[in-house]
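The letters A, B, C and D name the chains in turn, as written, and every chain counts its residues from 1.
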Amino acid sequence: MAPAGRPGAKKGILERLESGEVVIGDGSFLITLEKRGYVKAGLWTPEAVIEHPDAVRQLHMEFLRAGSNVMQTFTFSASEDNMESKWEDVNAAACDLAREVAGKGDALVAGGICQTSIYKYQKDEARIKKLFRQQLEVFAWKNVDFLIAEHVEEAVWAVEVLKESDRPVAVTMCIGPEGDMHDITPGECAVRLVKAGASIVGVNCRFGPDTSLKTMELMKEGLEWAGLKAHLMVQPLGFHAPDCGKEGFVDLPEYPFGLESRVATRWDIQKYAREAYNLGVRYIGGCCGFEPYHIRAIAEELAPERGFLPPASEKHGSWGSGLDMHTKPWIRARARREYWENLLPASGRPFCPSLSKPDF
Amino acid sequence: MAPAGRPGAKKGILERLESGEVVIGDGSFLITLEKRGYVKAGLWTPEAVIEHPDAVRQLHMEFLRAGSNVMQTFTFSASEDNMESKWEDVNAAACDLAREVAGKGDALVAGGICQTSIYKYQKDEARIKKLFRQQLEVFAWKNVDFLIAEHVEEAVWAVEVLKESDRPVAVTMCIGPEGDMHDITPGECAVRLVKAGASIVGVNCRFGPDTSLKTMELMKEGLEWAGLKAHLMVQPLGFHAPDCGKEGFVDLPEYPFGLESRVATRWDIQKYAREAYNLGVRYIGGCCGFEPYHIRAIAEELAPERGFLPPASEKHGSWGSGLDMHTKPWIRARARREYWENLLPASGRPFCPSLSKPDF
Amino acid sequence: MAPAGRPGAKKGILERLESGEVVIGDGSFLITLEKRGYVKAGLWTPEAVIEHPDAVRQLHMEFLRAGSNVMQTFTFSASEDNMESKWEDVNAAACDLAREVAGKGDALVAGGICQTSIYKYQKDEARIKKLFRQQLEVFAWKNVDFLIAEHVEEAVWAVEVLKESDRPVAVTMCIGPEGDMHDITPGECAVRLVKAGASIVGVNCRFGPDTSLKTMELMKEGLEWAGLKAHLMVQPLGFHAPDCGKEGFVDLPEYPFGLESRVATRWDIQKYAREAYNLGVRYIGGCCGFEPYHIRAIAEELAPERGFLPPASEKHGSWGSGLDMHTKPWIRARARREYWENLLPASGRPFCPSLSKPDF
Amino acid sequence: MAPAGRPGAKKGILERLESGEVVIGDGSFLITLEKRGYVKAGLWTPEAVIEHPDAVRQLHMEFLRAGSNVMQTFTFSASEDNMESKWEDVNAAACDLAREVAGKGDALVAGGICQTSIYKYQKDEARIKKLFRQQLEVFAWKNVDFLIAEHVEEAVWAVEVLKESDRPVAVTMCIGPEGDMHDITPGECAVRLVKAGASIVGVNCRFGPDTSLKTMELMKEGLEWAGLKAHLMVQPLGFHAPDCGKEGFVDLPEYPFGLESRVATRWDIQKYAREAYNLGVRYIGGCCGFEPYHIRAIAEELAPERGFLPPASEKHGSWGSGLDMHTKPWIRARARREYWENLLPASGRPFCPSLSKPDF
């Protein structure tokens, strides 16, 4: 199968999902740009879209090449209550960058709605909805293709605001199989969001691929039980975190500056993509820790179903086949699927444990 | 200490080292650009400088921001015998990119001389020297500031050619403490290279930070014992590989597609930088697996000695201090040196071992 | 506190438990005698009571010295359907050995009723009750103090038979928190057994200390919810097996000849004893893998409550205090509670994982 | 091959070794009897031979059944300077117990000479030799078959005294491949001892099986290089301790109360026995941590060469064959050599590291 872009005109997100297409999301911005030097851990704000647009554009380009069909605006934490003054400029610039790169391939632009910092202290529906509406105004002006509300505990309010726009609304929650802080189960959560008007529901961030798929299974069951239909979406961490607690990886002692040894391999991600697909999820991407090659791994795993490889596969031999000319025979012997599927990678850290106890 | 570039006009590499300055090298190109989608594992050739110059420029920029004082041309494997036709164009373009970015900060351009693929089969001094001379011609035309021969087993010949140019010559060998395939010890190796005319000697690639420093210690002892002087340089892997054999990480079963859990943390790199400095090494950088934030970690660790922080430290609170405003108190408690220095990061992979047996 | 036996005449098991006393069970016979050379793995039959009575007597003696208040007859698998001819002789000899050693200290003799091998194939109540009754006859003739039915899936029938004798009946099941093969929960299981006439209920074998305590918690809740009262008893593995599945440690790939690295330390057992006590369990012992020093650890942990130490504590300094005269200061520094409570013991096996996937 | 004792009259130790026979040593007394409740850690004295002779006799019996050809007197630390008054009674009783059990099978009695506690403070040759001579007097009176000096830094003096008796002298040192505290290499050490009159030399205790075999290789090379001949003997720990330093396992943080997860499996010991044999060592046994089943594993591994199995093999199916009747098919599948040879046993402790840093 030759690497090739998807031909033809762009279809909308719902049109794609309704026709059974697999939509590949994008990956990590905050954590990846932190490592590249453009985001400050702790603040996690996206002012790089203005200060260092080349760096943000480059990362969008890498995800596009890797096969992403969605360029999510890099607008995390960019709302009036999280950033001081320039949040509107940041959001507008983020939309422009996403649109510019999306235009170079088969990708849509998704406006990323972020949580409000005030909800934690004050359940003031009017004030919070106003914050969402402010964000929506910029996205509408910049004409994004659809909206994703993520990390939003106050999600029902968000959906109610977002559907005022005529764009499709996706919501991904940061919950694990055990449910959220208020003991709302994944199934209940999905039901409430679909009833509020979300077209696409799922999870993102906080939990690793395996755990996130368990949550998706529960969301799917909840919707079926309630007789509701919605498209399913999953964008987990690119980290293995089976030992994190109910609130996810932030409570692990390694967060955020010692997560290296938890990073998934491309083979882990191929397995994840296959399992997500088998579960019926059709919008499959990643969140923190998902590097461009992880996204490419999704695209390569699902290439048989989709019929094409992403552009970046010109630089990747499937299942390690690029090693088949190595001068050392034992390295040539690694150029095969069984090798990488069965590898149990060592950490090189014999003085470290394999699991941690979360701090909370 | 405010983030700031180093003021004043550019001094040459030897001038810097002779005045006792710390020179910070750059990091990983092949492995990093493979993950970003621009290099093919197995081939490991740098045609991206022509095909995707933005991606290469961006990586140079990230290292510059992180504190690198050297932009090494991305010319690995780019010689007549490794790449088909366009190797000269690749080398010229690589020089232009390195020079362009170096001009934005306090960095020199180093021409990277690569090993020949034929040496393995044929110890033909004339033919091999011709290949080195061809590479040198491009670097001389593009007026690089100095030359680095790396991964070059046939290093003495390389030095003999390179000193024909009037540029300083650095050589970094891929050997571990136990010496090379021909049982040449690190000490002997350093002595031969300095006698052949190298001004700077050391190691790069193949071995992790700890192992590389052990080799440096032996090189230093060898030179002292022989009464020779040279500047010392170290650019190890950004991976923990205490279990690799004599030939380094390529023999580990995880190479090259399962190395994730071996990636060093920034704190591991700060420790490495301090130890390299204490050993008397003044040219300190990285090789495969060294991401921009690892280079920044060197610059931050040695900021007290150097008197300034790199530009990218505007986005990094020293020792995790950026976490001190987190809403969760147990995460705020991570905003301190003792925490990160003592962390034993878990792999999140309880079914994997901590060490592997090398395949050879 | 001076090591000392418990003074005074022997009270019955229920008398002890009803007065709030802690009763310490004994430990591992099959697995321990396998390592000593007297039991064959796979068969797991107790013919050693006849063939090598000194070896069995010695193990009873060690548990008595360690603080056990119960000498359970070594009659595992000794019934007509498991052993060919001599099962009655074995059971009689086992009773004599247990009684002989019990007479040397403050211990009762418990007749150990074992599961029938036929239940798996044939749910023939009459036939199975006959097998139990045959065993009971020997125990009645040998006048054991009470009866323990363990590993008995057909436990209700066992209780119905055993209460025909006027001896107290204890039943310990091999179930984990998730319940048994027929999805009977620990709570239900406890309720049924108490209703059938068991005075003491709990779990033994198959699961590690932590997991077994979780099951006990569920049994306790089940009984409370049903308004029933019974004494609680726990005798877990001396192995760490958090990764075993629903059927317990036999499905782990290490069973039975590679379990060494899972053996609990004495400190793990002190923690377990304290938690069992806090949960309200008053009959606390062990099963496979529980060596005499593990039993001593229970007795030492609960010495403050019980008011005395077991005889074997004459050879054990509490919390490592016996090290306080060591010539090396760093070993003397280990003679304290904090040291051992916080130790994370390494396996010395860097090529092995920390968890396994059960085979089923 | 039917389990059977070695037929015929007893040959002396040198007669056996000179005819090429494999002599199997015994295993752990101090650490094993500590776990059984009869030895106090820290003191490590053998008064149990008087206080609890049944416990000591039983352990001798287990080693005899497992295949040991040597009953070493349990006289560790029993000399005038280590124990207060009764050391002579202890040594005499230890000899009687060893002789009694040796008489039940094909085993010799070896008198175990222990180090003096005063050597550390005072290199007083006359006084130290007197202590050795006192011990020797008891052994001569009790007519032991040969003598083993172990843990004796002052070994040359010991050999000089012991050869005053007309019994063969074996010496095992506690040194690793890197040599002892005074930087005496294993090769030098072996040469000195043989020159002083030892017939059998080797190592015991302090280091794991793999490390001990490395030391043996160096001893063998040293003797060959010096043109000397001696029989080789190895009695390592039954623990994996690749991470211990130059002074061995006592410096590991787990010593002595947290070593459980380091215990070797029977399969590890079969591998060790084979490697020792291949190296030319013919006196093969164990030290601390070597349980009876470990000794049996030596006897089973070398049964093809020796022509018989030990008595305890009546209770052990070679390579797990006893599992072949298990009701679960996946457990039956473990009844084969490949399974156990390739098993990588998990520790069940995901929060623990796989290696430790020694305290010194």
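Basically, a residue touches a chain if its C-beta (ideal position, glycine included) is under 8 Å from a C-beta of that chain, and two chains touch if they have at least 3 such contacts.
Please read all numbers here as calculations on a predicted model, not as lab measurements.
Contact tally for C-D versus A-C: the pair with more C-beta pairs in contact is C-D. Comparing mean CA positions across the assembly, the chain most remote from chain A is D.
Computed centre separation for the pair chain A/chain D is 59 angstrom, with centres defined by C-alpha atoms.
Per-chain Cα centroids separate chain C from chain D by 32 Å. Separating the CA-averaged centres of chain A and chain C is a span of 50 Å. Across the assembly, chain B contributes residues 243, 344, 350-356 that each touch 2 or more other chains.
Chain contact summary for the complex, chain D toward chain C: residues 34-43, 54-55, 58, 61-62, 65-66, 120, 208, 239-243, 250-267, 291-293, 296, 311-312, 314-317, 320-328, 330-331, 334-335, 340, 343-356, 359-360. On the side of chain A, the complex with chain C involves touching residues 344, 350, 353-355. Across the complex, chain A meets chain D through its residues 243, 350-357.
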